[in-house]
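Pasting the structures in now, so scroll down.
What follows is chain A paired twice: with chain B in the first complex and chain C in the second.
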Partner chain A sequence: MPQRAMLILLILLSLSLSAPVQAESAKQLIRQAIDNYRGITSYSEATMTIHRPDWERVMSMQAWTEGLDKSLVRITAPKKDKNGGTLLIADKMWSYAPKINRVIKIPASMSNQSWMGSDFSNNDIARADDIIDNYTHRIIDSRLQDRVKIFTIESVPHENAPVVWGKEIVTVTEDHVFLRHEFYDQDNILIKTLTADEIKLIDGKRISLRQRMQKNGRDNEWTEFYTTLIKFNIKHDKNTFTLANLRNPG
Partner chain B sequence: MNTTLNFAWRNIWRHPRRTILTMLAIAFGAALLVFSIGLQLGQYDLMIKGSISIYQGLLQVQKKGYLDEPKIRNDIKDIQNLARTIRDKTGIKSITARANGFALVSSEQRSYGTLITGVEPEYEKLVSSIPGTIKEGRYLLSDDSHEVIIGKSLANNLRIKTGDELTLMGSGRDGSIAATILPVSGIYDSGSKELDRNLIQIPIKTFQEVFSMGNAGHALIFYHDEIKKEHFFRQQLQQLIADNNQLLTLSWDQLQPGIKQAIELDYSSGWFMYLVLVAIITLSILNTFLMSVLERSREFGIMLALGYKPFNIAKLVMLEALILTFFALTLGTLAGLAINVYFAVYGLTFEGMEEIAQMYNMSATLHPQITFESILIGPLVIFIFTILSALYPAMKIRHLQPVEAMRKI
Partner chain C sequence: MRSLPLITSLAWRNLWRNKRRTMVILFAMVLGVWAMIVTAAFMRGMAIQMLDDTVNNLTGHIQIHHKNYLDDPVIENSFFGNDTALLNTLKLPDIIHWSSRIRVPAVISSERETRGVVLLAIEPEAEANISFLKNAITEGQYFSSNDENGIIIGKKLAQNLETRLGKRVVVMSQNTKNEIADSGYRISGIYDTSGEGMETDFIFITKRAAEQLLDSTGLSSEIAVITRSLDTVLSVQKNLAAKNPELDIQDWSSLQPYTKLVVEMYSDFQYVWHLIVFLAMSFGIINTLLMTIYERTREFGLFQALGLKPGFILVQVWTEALFMLTIALFIGNFVSWLTVMTTGDGIDVSAFSQGMELAQMSNIIPFVILFEDLLLANIIVIALGLLTSLYPAWKASQLVPADAITRI
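Let's turn to the complex of A and B:
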């Protein structure tokens, strides 16, 4: 799923480990939020709604994840795209098109292209933890809401970091639920915003079930990712994250 | 007046050598201007023609908003029918329908993202130079054949040759996964590295099928090599699509604003050079005129004493300048014209121009443009400046006092 989304998803799917955060530096906050997903496996089912002024498309999918580095997404509906999918291993990405029975490796040059026609880019779904070391983080706001501490962190990429954004602003709770993620371009103009809500406690982790990626200035164009089912700490088959499995659902 | 004219004529030839030298200076300047302006405009023609003939065309019909947001859903329904109707009504064949998309193309070994265009092969040949630059294999056969042509750079990058299979994957109009496998039937070398690396073409019906487009497409492309008639053709097109207010006609400079900007930039820097040239010519002429007036102080003094009005003497001097400039410019313009005609026929090639030419997809041979404006504008500017420079010495005469003037040498 969307990379950041993944991040988010993952993260998002976030879990709140219990370790209360103290004296966090901004970087630590981000690192801990991301570390929450390390070593955690999950299986989830979700629907993705791509909304445009004149049409809307709803897709259903299943997702398997293992830590931050491995994930597999498979489309279950609509019928036309059933069994199509994406496999992510570290920063490598493959797509499977059942129509032609081929697996295609997505090159790095495509990272800004849309993922499955949504408002998430390949990059959004594929990158996970490079936000930690490629950025300088600074807490610009913290507040208390419903007795949960919420931090707003500004992350600016280092001079030569291989990233497309000029700035990102992340809102995260002290128990590691990402609430909001804003993406700014090099001119500091807001391009898109990922928001997360419907936070539920599942398997002892607080996670957000609904995430919406919204392009700035286009109220009528967004992609919403809704998690209908999620389980953590699943033992995956050892073939789960392989090209063969991507190609042969079943 | 006749007397004045007579006088002026005789005065001009009182110093034949000086007069001829001055005339040659003006003529040389004029010839140089005519030649460089002709060359410059010829070069612009070449740039424009080179750029529009390769792919984008002189005019395009698109759905409103497509230019800014080339999304697959910003489409024109029943596009081939529309193209056919326009071809029938105008009698012009060089109009074709296209559908555009984005796809990830991969060979056995590698993947790249490229633009992909669905074309009508029969008419594409009349609109774009790409079909004519197939270096290996052949162009697409028909509107619905299952095959793809790709650029040479992309073929090298993908390490494929004709006959190999290419896998395409993208997003269809309905958001579904668009995917297909097509054999490469031809490899083109358009001269534009950007296109060669980033554009592949498949037949339009194949495109519509793969990308779930129905019978829709994204643009009608119109080509004609008389760029000057753009306005006329545009109106014609506009009328034919008037019943659909979702469509609009775009000209080459809207489609490829970069070319026009490059031309405008070059044009203004060109004019700066020309003005420097004109200023140098003007100053040297001013010098000649001033000398000839100052040294004739005694003559003017006598004329004043005889009852000639200062105004008439000034008129005489102006007339001399006018006659001299006129003949010089005629000579220079004719010389410049002759040079331009020669090169227009035989062409002009510079050492090292080929690389620049390739960048703009131009041929490396220049043919100066010969039009009314390109020939006359340079001489006209020189004429105005020369007359202005003759005005200064002529004005000086008004202050001459007969007695003082006669005493001067």
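Let's turn to the complex of A and C:
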């Protein structure tokens, strides 16, 4: 989920706290940040708008997360997709289709395919935890805007990292709100951009409510994720992140 | 028998009585013989090339697998390819090369696309001896050692993935612990084969790189074996199978039944093709002979009136046909030989290359004349030619002298 992606990016931002630019300390800081987020739980409600030149589709969903490893997303509208969902546990991903009453494990071969028809790939949603070891992170810019320090971080994947991008550039504020995530190919051509705005203070955390994934060069094609409600530090049911719960919405 | 010189000289002279007609029928027959031999050579070439390609395209002559591998080609169904007992059984004089591989389904992704492929992890030196890969590299380089960490992919796959030499791609597969394994590799080589199917299906890394990715140290999915010649394949296969009963050991004909079928079909189709061409030719022969007989009706009547036996006339007409057939065969064989010699490597069918690539065939098809094919064509023409000319000859011998002489 973008929610999850957001958390990861929040982590990246903590780089920002590390004014020293040495890669080693940056890496350590990310690790600390991940540890920080390890305990966080959340419940949120959101709408996802998939926009295309000749049509648009809006879905509503609920999401539960626990740390970085577990998340469950359930669709509440439109009616024909209601109760469909996705469960993520570590790097495993399952999808439930109510129409055929089947839980499908998303195979690795589908990881680059689109998630529920959106501009997010299954990969965007599922894989984020290798962020420490797979990249070399570097702060390439920092500036002050509206009295908030904003950092731009360039993350270049290692030679054998399972990452197709040539580099990723993330813009984050010093208090862990990411603003922009750009994905470049290996010729440094921009492929897609995730942008975030409408930053609000919720439960003592500043987070962005609106995130949009846009493929470069296709202005009329984007997916927007708008968080309508979010609560942190919720105690989840024991069986929240189980296949049974994915299949039988309580 | 004493009349033999007479018969032959009569036949020879009669043959050239109407030069133009004889030349025309000879031309038709030469064309027929040429079509038979060259088509046979073409089909032979196609079959041999297809077999070569199949053996080259990773099949080899014989393959060794885990018993369940062909049904379910995953990493679990592999065997210890370094096992000394197994390697000792491969020390046969008839085995000239062998190479051990890991071959598993995988997924390859670039920034823009993802494709399902077959991942082949090879031992570069051994593999170079037995498969097409080393010679098919058009960009970049073949692996120089087992320690290299690059990836070689097909030209068409590179196009599909919108990537190119020197770029990184991500390969995903399942490791021996049943978990998803993935790693990035830089494209170090791009290969181009005549079959596009190959190019999109197979990606290559070194066996050592695969051992890191799949946690498969010592394991092999298959061992491909090349024997000294096609004739020794079966005996080597039986030998290996007897010594390694726990493994699945098959030869190319059971691994690639389609190739076997096509090779056999080409061979059998020759007979059909020869008969079709000959059928067309035989009408020409009969017609020409009937014509010459019709023209010489009075002459035959006179011969008989002077005391020549009907058998003599039959043999004389038959000899005429024999001369015609022999000349046609002689020229036909020569022209065919000339055709094959002048085309050198074979004929270029690249105008149809797209279709040919789909059928996994090369753009250049060599002519291959086998002595047995040549013999078959010649025997068919001579034997069936004499058989068909028997009718006009017999007809000539059955003329009634009194009628024949009086006919204008």
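Throughout what follows, the second predicted complex is superposed on the first by the 215 of 250 C-alpha atoms of A that agree within 3 Å, B and C clash if a C-alpha of one lies under 4 Å from a C-alpha of the other, contacts with A are read in each partner's own complex, and residues count from 1 in each chain.
The rule we apply is simple: a contact is a pair of C-beta atoms (placed from the backbone, for glycine too) under 8 Å apart; a residue touches a chain by one contact, two chains touch by 3 or more.
The shown structure was predicted, so the numbers you read here are calculated from the model rather than taken from an experiment.
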Check: Overlaying the two complexes on chain A, which is it for chain B and chain C: clash or fit?
Finding: clash
Notebook entry, point to check: What is the contact status of A:D146 with respect to chain B (first) and chain C (second): first, second, both, or neither?
Noted result: neither
Notebook entry, point to check: Who does A:D91 touch here: chain B (first), chain C (second), both, or neither?
Noted result: second
Note to self: Going by the contact rule set out at the top, does A:I191 touch chain B (first), chain C (second), both, or neither?
What the structure shows: second
Next item on the list: Once the structures are superposed on A, label A:D219 by its partner contacts, choosing first (chain B), second (chain C), both or neither.
Entry: neither
Note to self: After the superposition on A, what does A:W55 contact: first (chain B), second (chain C), both or neither?
What the structure shows: first
Next item on the list: Determine, under the contact definition given at the top, whether A:I104 touches first (chain B), second (chain C), both, or neither.
Entry: first
Item checked: Touching partner for A:P162 - first (chain B), second (chain C), both, neither -> second
Checklist line | chain B clash site on chain C (candidates 345-353, 381-389 or 399-407) | finding: 345-353
Checklist line | Contacts on chain A seen with chain B and repeated with chain C across the two complexes | finding: 109, 113
Checklist line | Complex contacts: residues of chain A adjacent to chain B | finding: 50, 52, 54-55, 57, 78, 80-81, 84, 95, 97, 99-100, 102, 104-107, 109-110, 113-114, 116-117
Checklist line | chain A contact footprint on chain C (complex, rising order) | finding: 107, 109-114, 116, 149, 163, 167-170, 172-174, 180, 182-186
Next item on the list: Provide the residue numbers of chain B that touch chain A in the complex, in ascending order.
Entry: 73, 102, 104, 106, 110-113, 167, 169, 171, 174-177, 179-181
Margin query: For the complex, give me every residue of chain A touching chain C.
Written below: 91, 108-109, 111-113, 157-166, 183, 185-186, 191
